[in-house]
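Dropping a structure here in structure tokens format, bear with me for questions.
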Amino acid sequence: MLNVSAKQTQKLAMAGIWGGGVITLLLLIVIIGYVLLQGLPGINWEFLTTNPKGGLSGEGGILSTVVSTLYLIGITLVLLVPIGIGSAVYLSEYAPNNRLTRIIRYGIETLAGIPSIIFGLFGYALFVTVLSFNFSILSGALTLVCLLLPTMITTTEEALKAVSYSYREAALALGTTKWQMISRIVLPSAIPGIVTAVILCIGRAIGETACLYVTMGGSAAMPSSLLEGGRTLSLHVFYLAMETNAMDKAMATAAVLIIIIILINALTNLLAGRFQKRLKGIS
Amino acid sequence: MTEYNLNGQTCRGDKIKAKNLNFYYGSFQALRDINLDIPGCAITAIIGPSGCGKSSFLRLLNRMNDLIYGSRIEGTIELDGKNIFDKEVDVVDLRKNVGMVFQKPNPFPISIFDNIAFGPKQHGKKSKIELEEIVENSLKKAALWDEVKDKLGQSALALSGGQQQRLCIARVLSVEPQVILMDEPCSALDPMATLKIEDLMRTLAKNYTIIIVTHNMQQAARVSDTTAFFMMEPDRAGSLVEYGLTSEIFTNPKDKRTEDYITGRFG
Amino acid sequence: MKETLKNRVSRREFLAGTGVVLLSGLLGGCKSGGAEGTTTKTVTESGELSGTISIGGSTTVQPVSETLSNAFMEIFPQTTVTITGGGSSVGVKSAADGTLDIGASSRELKESEESLGLEVHILAYDGIAVITNTSQTVKELTLEQLKQIFAGEITNWNELGGADGDIVVVAREEGSGTRGAFEEMVMGKDTLITDRAILQSSNGALKTTVAGSSNAIGFISFGYLDSNVNSIVINEVEATVENAKNGTYPIVRPLLYLTKGEPDGLVKKYIDFCRGIAGQAIVAEDYISIL
Amino acid sequence: MTRYFTDKLAKYIVFISGFTAVVILLLIALFILREGLPAFSEIGVFDFIFGNVWRPGIDQYGILSMIVGSIAVTIVSMIMAVPLGIACAILLAEVAPSKVRNILRPAVELLVGIPSVVYGLVGLVLLVPIVSNIGGSGFSILTASIVLMVMVLPTIISISEDSIRAIPASYREGALALGATKWQTIKGVILPAAKSGIGAGVVLGMGRAIGETMAMIMVIGNSIAFPNSLLDAARTLTGNIALEINYATGTHESALFATGVVLFVFILLLNSVATVFLKRGSNAQRLG
């Protein structure tokens, strides 16, 4: 028979557990609610389609920062996606279970844990200084590739591993080469998973600041080449908050960021669901 | 034994010839000293208790064991008199010649048509007319054409289990192999679907050499011409106990262990 | 801003103005020498002037650079001027190592920086205002009191006749030119700004901090002054452009453009523009013109 | 035959790209060390790490107050985030009906996605004034810790939840069949079985906390003084690098890279601890 105190503890503990959930949810609501409440009124067509004036004023819109962000993501993906997929294919399809593979895996794990600002230091030393790309979108993108590589590799590898082993056997048994098997069966089957990985990386690229702060320069002007400096939406929030008094513009930009992130999360979940279904054959 | 008279035709008695075959996973010996001649244009069943190495043996025949890191082979397997483990043998060509059907139906998550066309495409057949012809013929040979001819564009995963397995057989047929290996092809299917596959196997046996690993002794007795009985030795290595015409193995086994197994005394 | 500039200087006036700049440049001893011919040429073909200039460094200079560059790009639409912040030391370093075409600094070069081969172009003069929260009752301080406050020797507003409250010193980070100039002119050689100071990396952030914290005190460029903060009367002189101009306000420093060696081509064009009549008209809105 | 050539070529390309991550890691270590070593040799490792004065203007480079700052925000944020995160993980894995889970889980995912500058901005606008009412300027270790707490929460929640879910159902059934209440089951069986995983989550959360940069710069005040209370401003190792790297030269620049080396070492230590936790976790589950 349960004694009273066990029941009371149970109640108390459950209250604590539910309390934890409620607080977490409240934190999210407060943060997102506050930013949207403060920021949404500042978002209009003009805000989205004019360039920021930069500097002290904080006036103007966010067009050039959106363009810089897109440039940055574009170059980052051009490098990141092939290397990431290649690396994931190696780990999931070729890598023997030996010391070398363990070293590679350890390297990826370690890289994933390194703080953004260290990547920034590295990018500053290598891309900005030694390779003389200066403070530029290119330097930022190269730094970002290094930062995002572990995410891209591990998420893609998971997608590849989710492809049934029996497909591989079936393909090989039909007399395909290993690469035909990978490129015609494994990779196509994993496409939704790989797309999810790419979107995940885009989401992180949009939110990243520290490593870009020290490699991208931060010019608010519309970039006309990759060797020019630029500022992403996230960097713009930082500059607005720290260098101007335009908190309304900072909030509006932050609201844009939050909306993008919400959309990206929804898209990822949708794709992940599709992927599961497809692999289970309910398509 | 050089020639058989089976299925109303004369067949080469040693289409596939395993000689002093030993197979290891790392330090573990999975097969010991296998000597076995498999006739062409016939169905050979491999039976035996779980873990006796019968699936391992089957997978050696098209070198699927190559995929297993740390596996090692001694001895030879000859296909039409040529050792398949020879350096100059192209494993991709070998697998094209020696097709395989797996335990669980494993159609690719693409359309029915693309499933069948996949193999020929990889082997360089590109023209649409050619591919359409191959798909139709393969599906007809696999007795699936009438059921799917109107929905070739649909996902293969939407088919029933039995249909999927016949699709997999059709897929193997599409690359025109000489030998078809079947690894317990009916273990995931219901009795009706199993019967259909068995009928299909009998039909195919006229033109193909079929080797089937099965748990189901009735199935072996029903479909096969010759039967090999494998067993595990005390150190867990699999070895061949007895081999002969199916009728003889099931009615008059020479080895006591075969008799025990067939009459259900163990296994 | 663009509007006012258009009203103030038409294109023709600007071209004429550039001539005056060249002249005043020569008279002022500014080295324009050999590049003069090419300069004149580019001016007459002004519409075709194209290229990119990168400017960075002092956040004090940043806003005026932005206004100047917008005006410049309006006249020469084929050109792009990118402006970044970072602080005066970034400007010095980046100009010296060629990362930027023009480095901006709101302090004079340090002794250690004089060997870097940098050409100094004075853009304007700027006062540094000491600011407090608008709720602060203390409105006047002497230079000596300022020094003691920022050194952490005076720590409570009641020592200065204000209400009881621990003084929150807000300063700029080490690389700031405003900080460098403030240290030089207020703190002297041997006294350091207290390590307790909250450090912000720009004039804007510093102003925001002071505006939001009732016991805070800090210093910013005149260009950033507005009604969100009080500016302190120092040695009985108010922090106004007039007082800085007539020499009574004690904390005034030059704002500089730095180039690696003598500038040429587009960079020279831009600097000449900034130092000319049209440019100085813009500068004069918030800072003290050099003309 | 071209397809064999393609096969070989693909193998080599894929093999090379497999090494990219390791090469990048080595390059990072190499560059940070190479740039940081002069500072270590000029200043001295001991004086650099245990020196209390950071005054680049007068060639004083000691990062102790920043090490303390980084550790302080990490610990304080963990004190808040760990109970909250574990409660949330238990809720998600054991208690909540699927309806609640379907709201809470996306919420946690969203917390991961929000850019750190947005956390910094909200901290700056909303939290700094609130904390300044308690005392000080509002730019403080406390403010920074609260911001960090929210940022590390999702890491702790998701890893803890995974490890709780990985516990075989038989454990639960066994305890419940003995007449234990749900909480007794959680406390007596589930949490002990999941403790390695939860430990790993906490350590990885610490890694994220100690590495956070921009949000810290925005709310911590960046003071170079040794902090004496939670309401004091301070500076983190990460903030030190970001604030000064763009204009630093000579020894100063090298000292910032050396700061990066120290940070790097911290992260490597935390990662190894997390790996040990995770290994232990999987071993325990294999045996169990």
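Each chain carries a letter (A, B, C and D) given by its place in the written order, and its residues are counted from 1.
Following the convention adopted for this analysis, contacts are C-beta pairs under 8 Å (C-beta built on N, C-alpha and C of every residue); 3 or more make two chains touch, one makes a residue touch a chain.
A quick note: this is a predicted structure, and the numbers were derived from the prediction, not measured.
K.L.:
Where centres are the averaged C-alpha coordinates, which chain has the largest centre distance to chain B?
P.N.:
Computed centres place C farthest from chain B.
K.L.:
Would you identify the chain whose C-alpha centroid lies closest to the centroid of all protein C-alpha atoms displayed?
P.N.:
Located nearest the centre of all protein C-alpha atoms is chain A.
K.L.:
Ranking chain pairs by contacts, what comes out on top?
P.N.:
By contact count, the leading interface is A-D.
K.L.:
How big is the gap, in whole Å, between where the Cα atoms of chain A centre and where those of chain B centre?
P.N.:
It comes to 47 Å between the two C-alpha centres.
K.L.:
Provide the C-alpha centroid distance between chain C and chain D, rounded to the nearest whole angstrom.
P.N.:
The mean C-alpha positions of chain C and chain D differ by 39 Å.
K.L.:
Find the geometric centre of each of chain B and chain C from their Cα atoms only, then give the gap between the two centres in Å, rounded to an integer.
P.N.:
Computed from C-alpha means, the inter-chain centre distance equals 84 Å.
K.L.:
Could you grab the centroid distance between chain A and chain D? Build each centroid from C-alpha atoms only and quote it in angstrom.
P.N.:
17
K.L.:
Pull out every residue in chain B that's touching 2 or more other chains.
P.N.:
Residues 92, 122 of chain B each touch two or more of the other chains.
K.L.:
Find every residue in chain C that makes contact with two or more other chains and list them.
P.N.:
86, 94, 200-201
K.L.:
Which positions in chain D are in touch with at least two other chains?
P.N.:
Answer for chain D, listing residues that touch two or more other chains: 3-4, 217, 246.
K.L.:
Name, in rising order, each residue of chain A that touches chain C in their complex.
P.N.:
Counting only chain A, the residues touching chain C are 53-57, 128-129, 134-135, 217-221, 223-225, 228-229, 239, 241-245, 247.
K.L.:
Spell out the residues on chain A that touch chain D in their complex, using ranges where they run on.
P.N.:
2, 6-7, 9-10, 13-14, 16-21, 23-25, 27-28, 31-32, 34-35, 38, 82-83, 86-87, 89-91, 93-95, 103-104, 107-111, 113-122, 124-126, 146, 149-150, 153, 177-180, 182-183, 203, 206-210, 213-214, 234-235, 237-238, 241-242, 247, 250-251, 254, 257-258, 261-262, 264-265, 269
K.L.:
Would you pull the chain A residues touching chain B in the complex into a rising list?
P.N.:
96-97, 164, 166-167, 169-177, 180, 184-185, 188-189, 278-279, 281-283
K.L.:
Using the touch rule from the top, collect the residues of chain D that touch chain A in their complex.
P.N.:
Touching chain A: residues 3-4, 6-7, 10-11, 13-22, 24-25, 27-28, 31-32, 35, 83-88, 90-92, 95-96, 100, 103-104, 106-111, 113-122, 124-126, 150, 153, 157, 179, 181-184, 186-187, 204, 207, 210-214, 217-218, 238, 241-242, 245-246, 256-257, 260, 263-264, 267-268, 270-271, 275 of chain D.
K.L.:
Can you check the complex and tell me which residues of chain C touch chain A?
P.N.:
Counting only chain C, the residues touching chain A are 52, 54, 56, 59, 62-63, 65-67, 70, 80-86, 94, 97, 99-100, 200-205, 207-208, 211, 223-224, 226, 228.
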